[in-house]
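Chain nomenclature is as follows: A, B, C and D, assigned in order of appearance, with residue numbering initiated at 1 for each chain independently.
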């Protein structure tokens, strides 16, 4: 088990966003988190990535308690994420966006910077190569020197994933990776996820698009009003009456 | 087909003028002002780093300036230690204060943080007034020894070159930090804290670092000032002085590596140049009006305009040299 | 120490604190309506005091006309701040910091303008709110008459601003604009009008404060750049910058702290004590005050 | 038309000629910032003397050219402007700064430039016997003199046995406090309590209640003008009825204007009193009033006297050489001015005149004039 949530609860000023969620993610699989709007999916992702602190409950990553760790520590031990609404560093170039996430691989210290040592130069060069490779893998090699604002939506999403991958994560959290995509972009994102899976990266994703989940996921958790109401394979969920009830009125693709 | 690059020549002439200035101008008053401008530039460069690069605000910089000045004065005058030790202690003590002041910045933003820094400046000011046995209080602190090398006691010329070298080193260090992963992380935090955090960047550490660096630079500036002036009194360490320092940084340009220097020089010389006969009431009106106009109509500061003159266009602060050269290498290699 | 003295000290603390609260009201209002710190706001107090002094004492106009004229001019000054400072900065991509610096420098500018026209000497304020030797005495405790005018105006302004911000459509539009300009626009709020209103009202409030504070602070530069500005900010922040009531409560708290640290600790260190308490409140008071803190989503 | 142009040219030529041969004098005083209360009086006093001298033919046939600089009540700025006056404008003499800490910071520059510096700052800390600067002179009685007289009057005449002190936070106030402590101590009287009111504070309830509880029977006021007004108002408010005797800032219109009726009955030790019936004072007050439309206040008279002192010194030395002037100023010059007989004493003070006066609601009645 790479990730375990135990009785995870989050309360916002009286409103319960997550209620005693128990969720397991197996290494090497893709797990999806679905549910109607406002059912607490993003809140869950935020807690796992350390952006929000849980009210109660526990999060285990590789059997280690990470509940009280801060976001930057969590990302350093191998959990990376993307955001529902894309958050890039708009004032940095594409390549620099990726390089920011390579921060933890730098071994040089403050004095190396002040004296501009050879070691630092080599390290910068090394990291730049890695970042360029990563951009190449995600089809962004030609845009490396542009500003993120100049990229089309699909490529911005790819860049955000590239940035997350730059952390060399064991677990990747994707918050609605396919939201707002055109048909072509949609296909390419599915392709990216398939490839990542082949490389052995475990993923937990939040999605609305059923087709996407059908294509990618090994296991599905269904959330409603902050609670897990069902779990299983996609096919099982499709026919679960509770799930269907929860989605009643919601458009299921 | 070689075109003479006038801009480059102009730049070289300007730099040469800066280097030989003390020999061109025999006016002791202007040279003294130049020295004060250099001190202000050191301090304002720290503020550019803190505000422009790390996105934090400080309206209490005069507090660090004061700590540096009085520490160095006390150690050299009362304890009879060498000046270099005084300066180092001045830097260390303001660094310590900077570390403490960075704590509120974890939780507080904008207004609240600026108020904490104002309060810090006020507290330091009141302490200077009241800790008479250490600071001399309102009477002032007198007899601070001038710097010397061997038997040569510094005159304004000696100070000029010392301060110039220190300023150049400070700018170089800031430049290197800016162009390293540290600088990149800071810009990232400035852009989007949460995104930076999930990229593995410790925003607290970054803020501590920025506060510590700008505080040490203010402390350094303060201790240099103590030895230049030879005496200290509480008046140059008020809230208005702090806001003057921020004005220097903004007028020079917050996104500009030379912003602190440009602002420091301009705002040190401008009011003095405006001291025309009969203008004893007006010169500050014109100075403050100039600052307002620059801030309102050129929010990127005067530094940008000067850069534009020489480069034709301004670079995004983000594209840093290392990457650009590597990029050229790579493109040269593939093509 | 007699109980009477302690009571007197408390009452004086409340009185001086209410002057901080009065300035704090303008700060809270501007923050609530445009989320800006405006250091040029405090200049309104000085400007209106000097204007009133000119109209009333020097030209000899009536109280009412002088009052309306001074406050009216200061309201226009608010509008000027918006169109000459706030808008151009925003248009050229400047942010909060640029606004802070610009307004700080305007604060300095006004101080120097006043010196040119009136000199650095403080002027006595005409005895429109009672003479210097007029006091109200009750049960061994006394207070200058002018403070009762201040209490009255504080109460009225506080209630008015609270009502305006929380209960009226105008207030809702103001707060909507502060939180998100685009959304407010979509909701049909006239952003242009509300922003102007915010600037004008905030200078007006501080302008009224200036005239009322002049008997205590004198018609002096003190009103436009002394510690009252910082104390006003502190008052507003003490209670979280959320509600006009908070500013007044914060101001009174600050006044009481000051007077009692004088009485029981030291008059020399009273400013250090009150600023340390302010910093402690900012850092340790967990809720309410940390509305803009990093980890609240 | 031609004659007009000719006249203009003539005037221009005259002006240049005048300024070419002019005796340059600098005046450094505070005009901006929160400490700018006195700058206006200083400037008006000095300008009046300069105009009077120039209209009667100047000194050695040359006009005096007074350049005014703002010190912003900040020694650091004073350092800038004094340097400018001495090294850039190369003046014959510098008047001011008027702030003691600033004087202590910059007086060595005057020595370095061998230029006389005549100041109105009053702290005893830079008496000649302490700083040994032959170029530094003081135009007013120093605070040691004034506070000693204040204490003497408080004890001998007002019969204060348990003095309570209220003081400000500037060097002016603290230096006065030190002298007061020493003088009371010398008479075997202990100050029951000394409380501070910082510049800008507008409530002194806590301080006054503390003094009251210490059982004081007389208030010694060592603050600046606005705080003095705050203190007397609150004494009336708290109905504390003790004799009040204040230092020089408590004896000027800047204080009584702000305090109004609350100032009635206050005693003060003054450096200047416009009601003095002495001829020199009456004539100075009359000239000042007709020129500026208001009554002079301390330290206008000091700088007025100062300009005359310098003019006289230049005449005696028949030169504007700084060293000669300093020599004349310290040893040869004796002159009758607004502040009585002006002669440099061993502290390099030109006068030790002061008045003990009481405010009657309209003006200050002189009780005693002391030399």
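In the analysis below, a residue touches a chain if its C-beta (ideal position, glycine included) is under 8 Å from a C-beta of that chain, and two chains touch if they have at least 3 such contacts.
For clarity, every value in this text was computed on a predicted model and none was experimentally measured.
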Chains shared as neighbours by chain B and chain D? C
Graph distance between chain A and chain D, where chains that touch are linked: 2
Greatest Cα-centre separation from chain A belongs to chain D
Chain centroid nearest the full-protein CA centroid: B
What whole-Å value do you get for the distance between chain A and chain C if each is reduced to the mean of its CA atoms? 47
In whole angstrom, the CA-centroid distance of chain B from chain C equals 32
Take the average of all CA coordinates in chain C, do the same for chain D, and state the distance between these two points in whole angstrom. 36
Using mean C-alpha positions as chain centres, tell me how far chain A is from chain B in Å, no decimals. 41
Residues of chain B touching 2+ other chains? 130, 203, 240, 281, 284
Tell me, which residues of chain D touch at least two other chains? 31-33, 169
Can you tell me which residues of chain C touch two or more of the remaining chains? 112, 115, 225, 268, 271
As the complex stands, chain B meets chain D at residues 27-30, 32-33, 36, 129-130, 132, 137-140, 142, 229-231, 233, 235-236, 240, 272, 275, 277-278, 280-281, 283-284
In their shared complex, at which residues does chain C touch chain D? 1, 5, 8-9, 12-13, 15-16, 19, 111-112, 115, 119-124, 127, 131-133, 135, 142-144, 216-218, 220-222, 225-228, 255, 258-263, 267-268, 270-271
Using the touch definition up top, name the residues of chain D that touch chain C in the complex. 30-40, 169, 195-198, 200-203, 205-207, 209-210, 212-213, 225-226, 229, 233, 236-239, 254, 257-262
Considering the complex alone, what residue numbers of chain B touch chain A? 173, 176-177, 180-182, 184-185, 187-188, 190-192, 194-203, 316-320, 322-323, 326-327, 330
In the complex, chain A residues that touch chain B: 49-51, 70-76, 80-81, 83, 87-93, 95-96, 99-104, 106, 110, 113-114, 116, 120-121, 124-125, 127-128, 132, 144-145, 147, 163, 166-167
